[in-house]
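The following pair of complexes shares a single chain, chain A, combined with chain B in the former and chain C in the latter.
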Partner chain A sequence: MTTTTLEHSAVEPSAQRASQWHRVQHRLAPYLFVSPFLILFVLFGAWPIIKSLVLSTYTTNGPKDAVYVGAKNFQFLLSDADFHVAVKNTAVFAFWSVVLQLPTALGLAILLSQPWVRGRALFRLAFFAPYLVGSVFVAVLFNVLFQPQYGLINTVLHFLLPSHFPLDYKWLEDASHVMPALVLAGLWLYVGLHMIYLLAAIQAVDKDLYEAAQVDGANTRQQFWAVTLPGIRPVAIFVLLTSTIGSFQLFDLPYILLNNGPGPNQSGLTIVMYLYNTGFVTGDLGYASAVGWTLALGVLLISLIQLRVTGAFKGENE
Partner chain B sequence: MKEPTSPTLPAVYSVNAQDAAIKEPSITSGQQHPSDTPRQDSGRVGEGLLRVLVYVLLCLAAVLMLMPLVWLVAATTKNSDDLLHYTFFATRPVSLFGHNFALLKPFSVDNFKALFAAIPFGRYMLNSVFISCTTVIIQLFFSSLAGFALAKYEFRGKKLIILLMLATVMIPTQVTMAPLYELIYRMGLVNTYPGLLIPSAVSVFGIFLFRQAILQVPDELLHAARIDGCSEFRIYRDIVMPVSRPMVGAFCLISFMGAWNNFLWPQIILHSNEHFTLPIGLNTLVGPQSQLYGALMAGTFLSILPVIVLFLLLQKEFIAGLTSGAVKG
Partner chain C sequence: MMRTFPFGTAALLMLFCSIVSGAWLGLHPAAQKQADLTFWTFTKIHYDPYTETIPTFEQQHHCKVDLQLVDTRAVTSRLQAAMLSDVDVPDLVEIPIDFAPAFFRGPLEHVGFIDLTQRIHQAGLWDKMVQARFAPYTSRGHIFGLPHDVHPVQLAYRSDIFAQEGVDVSKIKTWDDFIRIGRKLTIPNKRYMLELYDFRSAHLEACMFQRGGGYFDPQGHCIFDNDIGVQTMLWFVPLVAGPHKIAGSIGSGQILTQAVEDGYFLCLVCPDWRSKSIEKDIPRMAGKMKLMPLPAVTANSRHTSTWGGTMLGITRHCKNPDLAWQLALHLYLNKKELGKRYEGTNILPALRAAWSEPSFSQPRPYWCNQPIGALYAKLAPDVPFQYTSPFIATAKDKLGEALVACVQYYNANGDNGFEPFVRATLKEKADQVRALAARNPY
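Showing the complex of A and B:
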């Protein structure tokens, strides 16, 4: 009916019919606008999530052969030494990333937010530039930077602390140095991104609040604790959450930095790298799905704990 | 920042939320900041010292952050003999008026020659440009259209769709890798561009970004257009999109960077050299063989150049888009 109206309205411009067509297309429009996205989303977003739950109860050999095994994959995960190493490495990385990245980013944001600082845009660009490089190319770059003898990091450290860092200090070949190397590369990559968020948050704090605090006799430090920190708390919690979640999904950095492997003594094996190895190198998509779901639940749990501890839930009711 | 409007629209109607966030409020409003108000003289010296300290810290941080990038440029432009001899740029001594100066050596293309001899870098670059641009166009169209529908229409199932998307946002994408691979395999799309593109066609993040931006487009504007006989799609194309241009710019860059740096999925789905994108292709050069590191650095340099250029063009929109969701909660 709509189509006929459409054709007719072109030939005989009856105002009534035109407005009828108008009403119909207005009513249909949202469905038409949403459906292309929705179809793709259901097919390649939502369905795979459900499918991976199903798949996690199978053992597969590539995408073709699948055998139902029930909860065996999850049982095996509990006693899988490699998986435990992956979880430990990922957790250690996430911990140090958050502990180092967030305070550094906050510090830089506070420095940059001083109203009299000149060249703010240039500083901001300098801090943010590494993020533009992207994790893959940061990994490629740091693979070279961490090389003994000619790598920049050893050159600089040897220049500053010759007794502690010989020129052939091994970052990526020595199991006990791999994690510091990963954390360092991660710090360089992400600190600017967090800083951008925190800087925007600091600048969005109501200026009147500072004046009110000043009237009450608060000094700069008191103003920071009483006005700035509460003002940026939602953003700080957001940055804390996203950086933790991101850290738990670590893959590109260690995979490329350690020449497409887990590194010496599996010191750079992460959960997602383990997922990749079991699913797409060994070919057990079922086990990989189980690893994926364990990761998802772990991340969810940690996020909830973080929200609880930071009091984000309470904040919503205030 | 220029007002992003189509000529028919008054500038007032542009989505100013992003603009406000990025107008560097601190630079202009600096005079009003409390710490800038006059103090007793005793605080002046301390204040001055503090400012010096802040600049020292900022410069130190900037040097640390930029040093690896400067090193990258230096390594890229050194010739193969100088690669291991100079930490940064290669220099040559020059005698002028009896004084000796160190002058930068001219750029060498050795590394670029080595790069193109080692891997089909041009092919990778073309693949990356094609894949990234296609991803951006697909994501932009679908996300903005659906974001428009979710922002400006009431229809059945709207709440359900939003809930469904929020639920999946919490789940890491790696969870879906295995079933997606199985699906793509069944569709016979392993090692093809469509197989690479399809999973990233939907961007839930983009929907929320656009929904939020389009929510701020005044309803009167849409009503006025309807009275003038605009179809709903024309409203989307000729009013909503032009008015949301800052968000479009931000989204394009964020989406482009995501596609440009995508590693895990291409690594899974691509097997043959001619399909490789830059991350996958360049990764084949990574290894302990140090004689290739000049080529590797040249490749890295060329790979990050497009993103840097795009960022410099879209900087303001980008930072606004990045922070708008977080800052406004």
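Showing the complex of A and C:
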């Protein structure tokens, strides 16, 4: 008994130290692993966000001068005609993007999930390819396609509908045609990406459900409404949300398409383009920050409304 | 260690890699810059000749210059970011005319560029260079940039088609003469006398400058809605809209090349820099193009205008402003170099004495052997003043918007109520610029 106690007391300190070291590691290791991200996030994420919020209450004049103006930047936004134009343009683009891109992407996804379509892999790649080359390339390409007199789009449209589309029909030089041109270019660019998401969702829907629906006598349309749509709902909501947010962040496509500017009569001016112009062309970073924060809050609000309308919150609670 | 580490071998390896790589980076800091001066320019047209002339300067001054080509748009955003953070600010920068004034915001002592007024006067440059070209780089009486160029404007025209049609260019003295001939030569949707933008302000502003107008007055107040602005718009819009239009726009690049080759446009507004673009982009028109002075608004008024420009500024961060100034003088005042540079760019330098270099009077085969340098130089002293403000980009956009609105109105209503509409539209747009400018207390 005495021997055992002695042996035990000899082993105990080193075992205790090891176990304490283990406990310390357990406590500290997660923080250690998270710390690189946290440090980078605080430096390059949180700090700029806070700084921009502070900056939005200043008017900046040049690199070193800032005058505190409180909420006046936000007040000026209310009467700033250019900002209103930018909001309107961005909202119109977002609306048409969602209305056109999502159904088209869904249609393509359904079509390319059918086993009877030959060369599906090739078509999938073809539709996804515009997204791979990027918005700058697409903008440059469409800039050429939309040219009057010699552009391919006018040539084809003039051939098909000569009375409606003269050869010098102006897409990018006429304020009323810029938005359709942008929406078309956006459709070509993003539809493939949405299609891939939806295609993956469709392929993940349990095949047994279709069989059960068929046994119950459901036709193809009924299967789509009762099985496919509910099955892809989470992904569809995700695509809807990202597509809307992406539309509100629109910058590079119109900027390049319209030759580094907002287009005739500001018809291609988006909120982010206005932010960029205010901050980096006119040089008022304070006002640009106010524009940025208004955009962020607007997008947050719209996203919340969309999640509410589509029942995403409800789905989570269930 | 591996056995006692609670999150497994992979996590331990990751930790090890991050520590090793961090330590390696810490022990190998980025190499210190060797250059005595860092110089940014935004176009290859400037960059290429500078690479040839800077080694001479380096030899003469026993220093090293780091010349960097930065994209036009990136110049402004990078420079602003650099100035804000006081990191990697170049010593000298060339900035396009439309973007430079944004850097003159704020109190004078905070402007990111050194005030060159005294140096310019001491070196006699005020008299040696075209004075009008200092105006765009002047704020509150202080000059912050040295003008790179003059950019007088002429008209480039298809001399072969003019000859076929029996047009005697020497008889085109005023815009009225030009328009009269233009009406005869224009065939709607097939051929137009002149390329003029009907959706942005570039050509309209050149016409406004020719008449002595502008976006801003010398004090930086927005004035494009004054009488000159209104008269210019009233004159310009019927050229690009309505049943008697003789001008239009089609785009740039290959499309414009095709349009000129096809004779869709007979004339192009052509500042000196564009004459080089035309030579390069429309090579098949060699021997078929010529230049003529801009028709005057009235007899005995000026036959030119201006379009574009570049300034060279020395930043406040420059550790050796005297050396930077020497480099600026080397680049902008060396007659021989300027003459050589002109051959590659067609750009007329602001230094008057350089125009007597032989290269400026050399006949150019592309332009039917016209000595185009001498032609531009002849017009250069008449180039109008162009005053500016940090809100120049907004003012340009607003004038463009006014143009679009006026074109739409004219297409729908013609002359009926056009003048009041033009006045009201220009005032509305200018007021928007004023509202924005009113936020700037300086």
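In the analysis below, the second predicted complex is superposed on the first by the 283 of 318 C-alpha atoms of A that agree within 3 Å, B and C clash if a C-alpha of one lies under 4 Å from a C-alpha of the other, contacts with A are read in each partner's own complex, and residues count from 1 in each chain.
What we mean here is this: a residue touches a chain if its C-beta (ideal position, glycine included) is under 8 Å from a C-beta of that chain, and two chains touch if they have at least 3 such contacts.
In this text the structure is predicted, and so the values were computed from the model without any measurement.
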Quiz item: Aligned on chain A, chain B and chain C: do they clash or fit?
Solution: clash
Quiz item: Now for A:Phe33: first (chain B), second (chain C), both, or neither, which partner does it touch?
Solution: both
Practice problem: Based on the superposed arrangement, let me know which partner A:Trp225 touches: chain B (first), chain C (second), both, or neither? | Solution: neither
Exercise. With the two complexes superposed on chain A, say which partner A:His22 touches: chain B (first), chain C (second), both, or neither.
Key: both
Practice problem: For A:Gln266, decide between first (touching chain B), second (touching chain C), both and neither. | Solution: second
Quiz item: Once the shared chain is lined up, is A:Phe280 touching chain B (first), chain C (second), both, or neither of them?
Solution: both
Quiz item: Is A:Asp174 in contact with chain B, with chain C, with both, or with neither (first, second, both, neither)?
Solution: second
Self-check item: chain B versus chain C, judged by how many residues of chain A each one touches
Solution: B
Quiz item: Which partner does A:Val144 reach: the first (chain B), the second (chain C), both, or neither?
Solution: both
Quiz item: Thinking of the overlay built on chain A, is A:Phe95 touched by chain B (first), by chain C (second), by both, or by neither?
Solution: neither
Quiz item: Thinking of the overlay built on chain A, is A:Pro63 touched by chain B (first), by chain C (second), by both, or by neither?
Solution: both
Quiz item: After superposing on chain A, which stretch of chain C overlaps chain B: 9-17, 189-197 or 333-341?
Solution: 9-17
Practice problem: Would you please give the residues of chain A that touch chain B in one complex and also touch chain C in the other complex? | Solution: 18, 22, 25-26, 29, 33, 36, 63, 143-144, 147, 149-150, 259-260, 280, 285
Quiz item: What part of chain A is in contact with chain B in the complex they form?
Solution: 18, 22, 25-26, 29-31, 33-34, 36-38, 40-41, 44-49, 51-52, 55, 63, 108, 111-117, 120-121, 123, 125-127, 129-130, 132-137, 140-145, 147, 149-150, 152, 155-156, 188, 191-193, 196-197, 200-201, 203-204, 207, 210-211, 213-214, 220, 223, 234-235, 238-239, 245, 248-249, 251-252, 255-256, 259-260, 272, 275-276, 279-280, 285-286, 288-289, 292-293, 295-296, 299-300, 303
Quiz item: What residues on chain A touch chain C, complex-wise?
Solution: 18, 21-22, 25-26, 29, 32-33, 36, 59, 61-65, 67, 76, 79, 81-82, 143-144, 147-151, 166-168, 170, 172-175, 259-266, 277, 280-285, 287
Quiz prompt | chain C - residues contacting chain A, complex | solution = 4-7, 11, 15, 18, 73, 76-77, 80, 83-84, 99, 102-107, 110-112, 189, 197-200, 248-255, 258-259, 264, 390-391, 393-394, 397, 400-401, 404-405, 408, 432, 435-436, 439-442
Quiz prompt | Interfacial residue positions of chain B with respect to chain A in the complex | solution = 21, 24-27, 29-37, 51, 54-55, 57-58, 61-62, 65-69, 71-72, 75, 83-84, 87, 142-143, 145-146, 148-150, 153, 155, 158, 161, 164-165, 168, 170-183, 185-186, 198-199, 201-202, 204, 207, 226, 229, 231-233, 236, 257, 260-261, 263-264, 267-268, 279, 282-283, 286-288, 290, 293, 296-297, 299-300, 303-304, 307-308, 311, 315, 319, 322-323, 326-327, 329
